[in-house]
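Before I ask anything, here is the structure I am working with.
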């Protein structure tokens, strides 16, 4: 019985992230439009887009390979699993020990790896541009992420997200290193999700885009899956920030439905806040040149490293 | 043996050193040949004297070889070589006569120091003899390296070898001296024949440098 | 028959295969014969070593023969460490031999490969088994020699001869360094048996470490001793490249572990700083250099340097922990390093196999002339892709597990008291993370440019799938990558005895943990379950595809690629390997390679094309090797004049020597009295 | 001549001298190269057999000749190399006759000189009298001088002349040293013959005046060191090797250098036996290191294949001298082993080189390419030889270098560094040249050459075997000698 409840909770989380992701996407888009004094599409617009795309037939380039066709599903799966492993409304879910923060980062890495590959598959120069720039960003964002993970892990004494969240919940104190880590994580999140100022999800001018360039050749259901994966990634990062730095309201391990309800409510609140802040941030600054991005990400790397260094020197930072 | 015998031996040995210096000083080919003949003569005298005071008759053979071969035959032969190669004019020296002589002095001093310290144990006759012999050897070597001229280098080598014979005969009762002196004479003969046969021009130098350039190309 | 005797028989067996190869050189079937024999022998070695390892390997099995150095004899020893590395050599050798049964068909100079290939294998096995300094160095140099012959197998190409020359010279240097190290360990009495060295600790153990870093590090490819590696490994036939990169570098790692952890007495903390710093440098420089290559095999070779760096980070941490007498973390770090040794031997061989298949199919190593091969050689492409994912340390394959363990070891290191380590370990952690990310970029480039897109040259268009033997080998290794990735617990348990022997501790037994996940220290701290990750990804991917295909459309239409309105079919418009690396070169190149870009833009009206020229410099070569070469040439030229003197001048040499010695003597005698 | 042998009262020590001596006379007058070449081989073979019989048991020391552990090593090695070289020279000379570089008259002379050289070297090794030893070595020098100049080309004459002059000076210095030894011995042993007999010298050495011995050793070291070819006394060696017939190069490197080294060792033992005398080690170590490093650098710029390997001989002689200078059981053992291996390997290399230069019609390195393609057996033989001489396993020199370097580093770390440096420099040069010669696209003639591979591969097989397994008796024997050397 207990086991079944556990499994259910896990399943709920998996479906939850899947359902919430487009909603968050639509919400940020709406807020952004409002901030720009525009009407903006309805919040549920992403669902409509996805459904339409799914129903459409796929137009493949002549020389698209099997990798091109299977890639989207792999990317989607990796992102989904990663997103499902981040505590959303409760910690200590049944499979939460399957992968720790490092593995989580690496899972996203796999998704990116295949995304970059499928970008190169058709052999147009746009895909190449997108892939090479994506990998260049990643080559800085990923170590930054690892540094953040280390900082957090050294504070919490664990790389298990649930354990981290529990620790933060138990004795939450203001730590210099955590502050640095938070800033770094936000920068990384912006880069990883191809948001302004690193990339512009709304652009269609080939030479300025990165993520869009890689998926340029995709259409129909493949595109839908990729879009969904992107949305999941955004959700993942926001809930990651939430559960590490703002773990309030998370339901502790094997607690009753009531606690789960509270957890769900607080989680929804955090998502709204996160989405709003993201939109606000995006509207308030401009996109930077591609070759300024390394400096931007370099800051994140430095912050992460600094935080870790402080913790090596003394645990009390 | 009495004092005078030793003194005479030393006189002759010292005389050889003196003649070696004359060799160093010479800058005329024929003069050089004559002085060398003198060198050989003194050698044969001192060897004979050694034979006498050690009453070792076989040493007379050595003395005879020295006299006949080195004091007469070889100088004459070399005289002909010089005429034939037409090099009787001058002797090209490396770094002037004067400095060479000074350096020779230094060598004599060195050999004195080394030998007299080394042979503290040996009998007085041997001591000075060895010291003189070593100086003759070193002076001969010095002559070989300060003369560019084949013939004078040969003479240098022969004076060096005279020094060796002097040492060998001075070493009282040393066996095989005769054989050794004969072996050396063979060596000398080879050298002279070599000069004859292979037309070694004025100096050893010229042959090999050009050979290296033309035939070996080891130089770049 | 004792275990050590059993595995030692592989060496005479392989040497007799050498004789066989020479005898049957003229036969058409010689190739299959030789490689087949090697395959069998390697499999036997692998089986025996694994059996020994799984029995617990608690008692070393010894053997000594009356050959080799007189009054010492040749000693051999099979313990956990050597058994593990024998398994690596056996596995790599078996794979390479199987691959070569097919690949060898394309060899244009079999007479220069077949005799030396078994010798190379035998040499590697002998190194791992040797238990005295002479036998060890004998086997070590024999290994170098036979691989040198393989490097210059295609000797008509002056590049290969140059590679071979640099290789054999560096090998000689390394051997002499190790020889000096052994000289210190053996002492004036000349007790060359390892058994005697274990007992007493040399006072100069630090110097021993430096010498071993020079000796073993030069063979393994530690920066800055790595310059020969990217030249020599690609020059050899591909199955040999696989052995050199995948296995021989591991033998060098073995040498390091054997001497430093086993023979050289208790470690000192500053050793680890040296090792870790070098290793971090090796990681980053190795992967960056790999990214800059567009020769596929050279890219792989450079990437070996990076992986060696990862291994040495683990070893350095193990040294640090055991220097401060913390067996459990030391065991974790050491296990991580050994696990990575195992992994790298698999996927680097796999990748070289793939490169070899591409080479035989197209005759091209230059990625700028490849592309689109995934259509013509799908199976090769699939295995190569598996290798790429594995080597980029991406879950759920094996490369990630060892790197994850290394990260866990780094996370434990704040407990190290010494400040030097406190400062350097985080930095090296960052370097490791950086190199992991760059590795992913590197292999996106390698796979994407080679196999994806459109063919860039006619040979690439005419490419065909490679033969079945090679494919079998490649699929076997790909399967191993997956197996080791989703069931890492068994590998870790297999490594436990090694750690027990060397650092006196071991990781918790993994096979007992539910759901086969791995837990380095405690579950509350960190855990990873490759099996579940794999299952989840597979299930959800298939689920998604199934759902969409069933309930939505599955219709597909082929159409031309989006060309932005400027149709240009020529593959020249494709993104090239160099342009792929350009952003990263912009970021890191200025520091790492003093990269300079010069754009020559003709003025308006001028019809000549604009040119972009990029110059990269190899700092290690410029700052160390070039000066040495120049110095040698200078000295040789200066001294050469002594060949050209005249007899008189030579005589003056004799004269000076004589007078000088006499003066010394006079001085001595005057001083004495 | 066989009958002559039969009539001899068979006594190995004299036979070792008589056979070459007699056959030298005989060969001087016999015509026709086939017969003479065969006789040459036969004579050297018989000499070798007699030398081998010395191993079983040797006579008590006589007044002029004696055999002990030390010189029997040299004799057996020398006669063996002499035998194999004569076998090689048979086919080599045949080719020289064909292309007319040698006339039958010179050939008679050549064979006679070859036997005379054997005689002189055996005499030098067997001599129990330092004067006799000196005479023998001078004789050996003269014979080799004549053979170096045998081609009568300007280079060969010049090389012979250089060899002759430098050798004579060396000989002169050695004689002076010998006289000094006699002078040192006379007060102790008394006048006359005994004071030059080796066995009595070594017995009473402790009583000699140390200063005399010091001065004597300086002269002997320089005198015989000139023959060993140690820098800075080496100048004759490269040209003599390069310009003479290749069999002579092989004999020079494989034998004559050893004989001179033997003389040096004898007198080292004399000094070692006298406590008060200064240790000869440092001098030998210095000269050895100097030769090693100098020759290592000289290898790089060589254009002539034989001259290059001549420099490699200098390098290895330096290494051996260094080892003996270090002294001690390990280093001495290593030195002996290294000397043996070097003789075998270097002569094997010269066998290969001789046929190679005949096949390619040149000695210029730049014109020898891709041998393993054009002449596989010769090419691979050369590769094996050079790999051996560079000190790589599985061949014998690796073992001796292993012992020398490791023992030195354990005892005198600072001495080991220049040692390793020199070895590495030489290795680099040898491998560089080997890569060009043996590999790459073949140049020049690829026509097969009439060659005798047996001596070449016999030597290499011996070296290979020694690299893997040294038979017990040999080891104990070498260890005795090492102890003898102190």
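Chains: A, B, C and D, in written order; residue numbering restarts at 1 for each.
Please note the rule applied: contacts are C-beta pairs under 8 Å (C-beta built on N, C-alpha and C of every residue); 3 or more make two chains touch, one makes a residue touch a chain.
These figures come from a predicted structure and were not determined experimentally.
Novice: What chains, if any, are shared contacts of chain B and chain D?
Specialist: Joint contacts, listed by label: C.
Novice: Find the two chains joined by the most C-beta pairs in contact, please.
Specialist: A-C
Novice: Among the chains, which one keeps its Cα centre farthest from the Cα centre of chain C?
Specialist: It is B whose centre lies farthest from that of chain C.
Novice: Whole-Å distance, chain A centre to chain C centre, using C-alpha means?
Specialist: From the centre of chain A to the centre of chain C is 35 Å.
Novice: Measuring centre to centre with CA averages, how many angstrom lie between chain B and chain C?
Specialist: 68
Novice: Taking each chain's centre as the mean position of its Cα atoms, how many Å separate chain A from chain B?
Specialist: That pair's centroid distance is 99 Å.
Novice: For chain A and chain D, let me know how many angstrom lie between their CA-based centres, rounded off.
Specialist: Taking the average C-alpha coordinate of chain A and of chain D, the gap between them is 79 Å.
Novice: Residues of chain B touching 2+ other chains?
Specialist: Chain B, residues with two or more chain partners: 114, 117-118, 141, 144, 153, 204, 208, 218, 220.
Novice: Multi-chain contacts only, two chains or more: what residues does chain C have there?
Specialist: 637, 640, 643, 647, 651, 654, 658, 662, 665, 669
Novice: Who touches whom among the chains?
Specialist: Final set of chain pairs in contact is A-C, B-C, B-D, C-D.
Novice: Can you list the chain C residues touching chain D in their complex?
Specialist: Touching chain D: residues 66-71, 133-134, 137-138, 141-142, 145, 152, 155-156, 158, 161, 164-165, 168-169, 172-173, 176, 179-180, 182-184, 186-188, 190, 192, 632-633, 635-637, 639-640, 642-643, 645, 647, 650-651, 653-654, 656-658, 661-662, 665, 668-669 of chain C.
Novice: Where on chain C does chain B make contact in their complex?
Specialist: Answer in residue numbers: 637, 640, 643-644, 646-648, 651-652, 654-655, 658-659, 662-663, 665-666, 669-670, 673.
Novice: In their shared complex, at which residues does chain B touch chain C?
Specialist: Residues of chain B touching chain C: 94, 107, 110-111, 113-114, 117-118, 138, 141-142, 144-145, 147-148, 153, 203-205, 208-209, 212, 218-220.
Novice: Across the complex, what residues on chain C touch chain A?
Specialist: By the definition above, chain C touches chain A via 371-372, 374-375, 378, 381, 385, 389, 392-395, 400, 404, 407-408, 410-411, 413-414, 422-423, 425-427, 429-430, 433-434, 436-438, 440-441, 443-445, 447-449, 452-454, 517, 523-529, 532-533, 536-538, 540-542, 544-545, 548, 552-553, 555-564, 571, 573-575, 579-584, 586-587.
Novice: Please give the residue numbers of chain D that touch chain C in the complex, ascending.
Specialist: 161-162, 165-166, 169-170, 173, 211, 214-215, 218-219, 222, 226, 232-233, 235-236, 238, 278, 283, 294, 297-298, 300-301, 330, 370, 372, 387, 390, 392-394, 398-399, 402-403, 405-411, 416, 420, 423-425, 427-428, 431-432, 435-436, 439-441, 468-470, 472, 475
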